[in-house]
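Worksheet: one structure, shown below.
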Amino acid sequence: MHIEVQPSHTYDVSRYNILKTSLLKTLLEGANDVIIKKNHAVYFRNVSKIYNTGTVALNHFDFPVEEGEFISFLGPSGCGKSTALRMVAGLGTPTSGEVTVYGEPPEELIKNTNDIAFVFQDANLLPWRSVLDNVLLPLELRGGNKKENKQAAISVLEMVGLKDHLTSYPRQLSGGMKMRVSIARALAARPKLLLMDEPFAALDEITRQTLQMELLDIWKKEKMTVLFVTHNVYEAVFLSSKIAVMSARPGRLSSVIDVNLPYPRELGMRTHPAFSDYVDRASASLENDEKRKETV
Amino acid sequence: ACSGESATETESEAADSPGGTEEVKLVLNWFPKSQHGGVYSAIEEGIFEENGLSVEAEPGGPQVSPVQIVAAGDAQFGLAHADQILIARNQGIELVALAATMQGSPQAFMFHEGEEIQDFDDLNGREVFVQPGITYWDFLKNQYDLSGVTELGYNGQHVNFIDNKTSVTQSFVTSEPYFMELEDVPVETMLVSESGYDPYNVVLFATKDYVESNGETVQKFVSSYVDGWASYEENGPAINEVIVGENPNIALEALNFETETQHDYIYGMDAAENGIGYMTEERWTTLKDQLLEIGLLEEDFAVTDMFTTEFLPDAN
Amino acid sequence: MAMSEVEMTKKQQALVAAGKKQKPFASTFKELYLGPIIAFILFLSLWQMIPSVLGLPHYILPKPTDVWEATVSDWSLLQEAIRITIFESVIGFFLSAVIGIGVSVLLASSKILERSIYPYAIILQTIPVVAVAPIVVIWFGAGFNSIVVISFLIGFFPVISNTLMGLNSVDKSMDELFTLYNASKWQRMWKLRIPAAMPYMMAGLKISCTLSIVGAIVGEYVAGIGGGNGGLGYAITVAAIQVKTSFLFSCGIAAAILGISFYLLVSLFSKMMLGSWHESAMKSDK
Amino acid sequence: MAMSEVEMTKKQQALVAAGKKQKPFASTFKELYLGPIIAFILFLSLWQMIPSVLGLPHYILPKPTDVWEATVSDWSLLQEAIRITIFESVIGFFLSAVIGIGVSVLLASSKILERSIYPYAIILQTIPVVAVAPIVVIWFGAGFNSIVVISFLIGFFPVISNTLMGLNSVDKSMDELFTLYNASKWQRMWKLRIPAAMPYMMAGLKISCTLSIVGAIVGEYVAGIGGGNGGLGYAITVAAIQVKTSFLFSCGIAAAILGISFYLLVSLFSKMMLGSWHESAMKSDK
Amino acid sequence: MHIEVQPSHTYDVSRYNILKTSLLKTLLEGANDVIIKKNHAVYFRNVSKIYNTGTVALNHFDFPVEEGEFISFLGPSGCGKSTALRMVAGLGTPTSGEVTVYGEPPEELIKNTNDIAFVFQDANLLPWRSVLDNVLLPLELRGGNKKENKQAAISVLEMVGLKDHLTSYPRQLSGGMKMRVSIARALAARPKLLLMDEPFAALDEITRQTLQMELLDIWKKEKMTVLFVTHNVYEAVFLSSKIAVMSARPGRLSSVIDVNLPYPRELGMRTHPAFSDYVDRASASLENDEKRKETV
């Protein structure tokens, strides 16, 4: 039996070894798994999460994310979207089941690389750092040339429209501006895997559209994988290659919609009938879900 | 000075100092006062220097224990009361008394005038300020029934004594009565020695090891010390001014009062005949037996180890 | 701490909920107690060795074994002294806590009061106890009362200082919420500033509880024992005069153990008080 | 404070930007200084009256006028003593701050270290200075060095206790951010925990700076003055024996003033350090 | 000259007196003003706000809000919407110009009544209080029967879908849930003037619609005045009687759109051509503004 392993980004030796061992392990169970594992950026395997308050945030959540995909999560408030994202980042562990990122447990991955970035639901800025310094943070932590880092940070900040506020402190910013700093911070790190928890919710339509286009650009250019939580169905359809619709209490995956619109996406597409179609399907899926719950 | 050095090491270091003079350190039992007049006299008049010694007198203080400092080798000589030197034996600290500055103890109880305290029994029913652990108090408790005394800690303050007319406080007759007089508080005193407990006070000592291996230095020091006291008798007031320089917070008048009142303790009593610094085996034995009886000494020993008069000048 | 706590909880939780990665007792033991125990043994052996190596006699630095002997032989004295000191310092601490927090709340309620009165709190803290001891003794009598007052005087400043800091560092937007709802000054105090200041208050109490023991000991020292039995301060003075260094160390260690126990108790209390929200005391659930 | 500061700023700003409701100097004066001045006068007159009313003689509770006379007449002594105490306590405080923060950072960097070593910090705090004084004196010599060490010993615990508390109360979500970015332990320390702990640290320093003065005074008491000149501790001891109560009060008040000045300096420093973000020190702009 | 003053809510005597004095003052300048003042819940008169960083957040902002209106503010991120709302609540003062609420400076009004509620852009909950206790806060502060207060709080929490989380602490809630607690807190106080800063941004479409309907209900029933910040043009049209479109840097009022759709509004209206019309007008106004800026 010959298995071709072609890791899609450059692993350093130690990580490659980890991969090898996990490959060998899975070999015992069957070669199929190997291939699946190699191609998946994120894999939720039958994940349940019960907080110690007894809240079931996720229930048998099973969802593979292939590398390079742009996945949107849609679902009612409190259904476990943030919980799921946090687990991918290693900031929470499943009560049962398993989350793997590039075939490894996320805690391991985090320890070895800087490849994951997270835009939290709240901006989560360090109050004692200026806007620029906040964006510089992940770059500083990673090391590297100071001047280049600064250049990179400034260019992302320019992209999110904050180049006039480099020296402001978070408390001097508006809500939307804080979120944009947080987005800039995540993008500045040029992650392989980008987790975004309602990043554009606090932004006006026009800023939002600009940033959506930029995000898609970067995603394509950097061949990132993006997990994106939103409440905006249009946004989900516009951005994603796949939409995961979740239902509430307990958080389950209720349906997955493949969005087969071509990339690059243009603003004009929004008026396209296929686009509306997807929007309707996603909305319907959300609403059905709601209704099903009510009738129970 | 650092920790680990034993007495001998310190001494050799001391001996190597340039200019032919040997540096030694003396720890006083209190901030400089008239009871250290001999020391300052010897320094001021160059008596130590004449004998090839360069002496640093380090002031003591409320919690400074010359016994420990000398035992640790941080100083070569110290001043302490005779009972303190004996009690150190319990800890295996072998000290040798070299000269007794005061032939008796000026320690006394001080009380307000007219309080009718004739005997130690009269302390009953009163508040008495004594320093916790002071030896004569244990002796008195053993000798007299003092169960009626309310024992309060003495802390160097006299305010509470002044405030309470019936109270009694420990004191030195050479010192406290003067301050009371200044405050217009008429007082009387009763010497502790009346009870038969009369240790030498302000005794010059060194460790046994030091005395044995540095006989020459000790000889120089003791001679200078005694000479210093002799010269202090002549020009006490002048030396007192030097002392004020060292202890600026004390008034010259207070020192002069002390000089006067301590005169008999230093130059009178046994010293009148036998010279300054004189000590007898009998007095030491009495003290030792007294301490043994009240349990402050754990085991008996011969006092001949404890003191020596060999360095004192021959009696005139 | 934040890190390891998080770690722990993660594990604990996995244990509770998933019930698979059962964590053996041995490993908990290793994490929690092995370090301190090793440190303690190291500390003791170092201490046992130092006097021998440096040739320090026991009356300067007694060895642990000397101290142990002294403790055993004078146990009855020590026990009594400890009992008394505990009593004095607990009351002193209690006063520090209650008066300290009370005064802070009062001061924080008005900028003018704070500016006018806070300096006197600093004065009370810095004025040397020896200077005010006579007055304390005259007003409160020698002995117990005065000792408690001195223990209080030494312990209350950290409480005031920390509590004031806490009361004054309320999150701005929460403060605005109260302004908006037209909260009275005292409502703001009780419902916002005091809960927000809790972590600072607790940090103050932790400092103060150990200081109150120091205070009781110093108190016995300067205010006398007033006819009653003496506590550790008295025992220490006596031991110092008689050069019983080993027993002096017994007393010192007794005071230290008191301090640690006291500290642990207050920490426990602090954990309970902060449990419901503050990060430093909170076991988070991820 | 939060309230009134906000109030002030609002006014200041209105003043700066709109330039219409110019606030007269008199009213600023009233708000800021009138309270303290009235309190001070009240305090002084009360103090002046109490001895007369209660018939307390001057050697028990001297009147402010007595104290003033004593201060003037013995000014040269006092001045020298103050100079020395300042020197001792500044160095003691400096050591407390540097070592205290350093040790806290070290302890906070590892749970095992913290559990193993922190108890000894509590021990150092609670062990009565008198008990260790002989060793301190023998190791560091009587006088200056020992006094500084004792001042350090008394002052460092609030720094450690508060700093540790601060280092351990980092906001959970910020901590997660650092975990995510694979921050090393020391990066997390420097870039997250230390800045977040600043307010606590500063509160600790404020307590410690006044304690370091107490420490220097106590230090002279237990460790003697060595060969050098004596500071306030020495002056107080001697004054007490000589029943110079008025001068004793002069010394006490000098210590208190030192304490306040020291406190103000550290507060200023703290304001500067926290200025950029912490609410308690921040003038907010609304 | 006879002026009929008919205050639209019951003033207590002291407030009535304040009103009277301000009436008398204005009489000197002309009777017209009196009538304007009496009918306006909020009046921005030529308001400018310059933060001490030099940022001009509002520039000559002039806008009257009549009692009982439902005003939405639309505008790019950082244009000064929150700043404006905060000034109405007395949480900030204009650098020049004047904001009055019921004819009084807001600081005064706040001191005398509990009639204003604010849903902040971030949830701003007290971390040491449970969900129920957070909602109870304004009621507690106002006083009144404890049991009734609790009843009221529970019923609002039920409305926002959180009746199962009464005893949870804020840190145990999802982002959207926190916002809903904040909304419940504001509504529980039954304010006369309700200020909401993007209250529904973190909510999914369905929850959002439910809450929109509830809000409109309460608004009508209680005869509230609502100032509502949103980035969602549909939401603005659906809810408001008037939309204030703002432009950025410096924040100015760029246009005011009267939405003459009848109340009560139904979800079905969204497909109505008039509705789309308003949406288009608002969007156009926003976009124009953006373009105008770019060409400058």
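Some notes on this structure:
Residue numbering begins at 1 within each chain, and the chains themselves are lettered A, B, C, D and E in the order written.
By definition in this document, contacts are C-beta pairs under 8 Å (C-beta built on N, C-alpha and C of every residue); 3 or more make two chains touch, one makes a residue touch a chain.
Per UniProt, the chains are A, E = NitT/TauT family transport system ATP-binding protein; C, D = ABC transporter ATP-binding protein.
Predicted model, so just to flag it, every value in this text is computed and none were measured.
The chains in contact with subunit B and with subunit D alike are C. Among the inter-chain contacts, the highest number of C-beta pairs connects C-D. Farthest chain from subunit E (centres taken as the mean of C-alpha atoms): B.
One inter-chain figure worth recording: subunit D and subunit E are separated by 47 Å, centre to centre, where each centre is the mean of the chain's CA atoms.
Centroid to centroid, with C-alpha atoms defining each point, subunit C and subunit D lie 18 Å apart. Between subunit B and subunit C, the centres computed from C-alpha atoms are 40 Å apart. Annotation for subunit C: residues 60, 130, 134, 138, 172, 221, 237, 240, 245, 278, 284-285 touch two or more other chains. In subunit A, the residues touching two or more other chains are 51, 53, 91, 122, 171-172. Each of residues 3, 63, 65, 68, 72, 155-157, 159, 163 in subunit B touches at least two other chains.
Within the complex formed with subunit E, the residues of subunit A that make contact are 51, 53, 55, 74-78, 81-83, 121-122, 161, 168, 172-177, 180, 197-198, 201-208, 231-233, 283, 286-287, 290.
Interface residues of subunit D facing subunit C in the complex, by the touch rule stated above, are 1-4, 6, 31-32, 34-36, 38-40, 43, 56, 60-61, 108, 111-117, 119-120, 122-123, 125-132, 134-135, 138, 157-158, 161-162, 165, 167-172, 175, 188, 193, 199-200, 202-203, 206-207, 210-211, 213-214, 217-218, 221, 232-233, 236-237, 240, 245, 248-249, 251-253, 255-256, 258-260, 263, 278-280, 284.
By the touch criterion stated above, subunit B contacts subunit C in their complex at residues 3-4, 6, 63, 65, 67-68, 71-72, 84, 87-88, 90-93, 127, 129, 131-135, 150-157, 159-160, 163, 296. The touching residues of subunit C, when paired with subunit B in their complex, are 54-60, 130, 133-134, 137-138, 142-143, 220-227, 230, 234, 237-245.
Only residues 89-91, 110-114, 116-118, 120, 122, 124, 126-128, 137-138, 140-142, 169, 171-172, 189 of subunit E touch subunit C when the two sit together in their complex.
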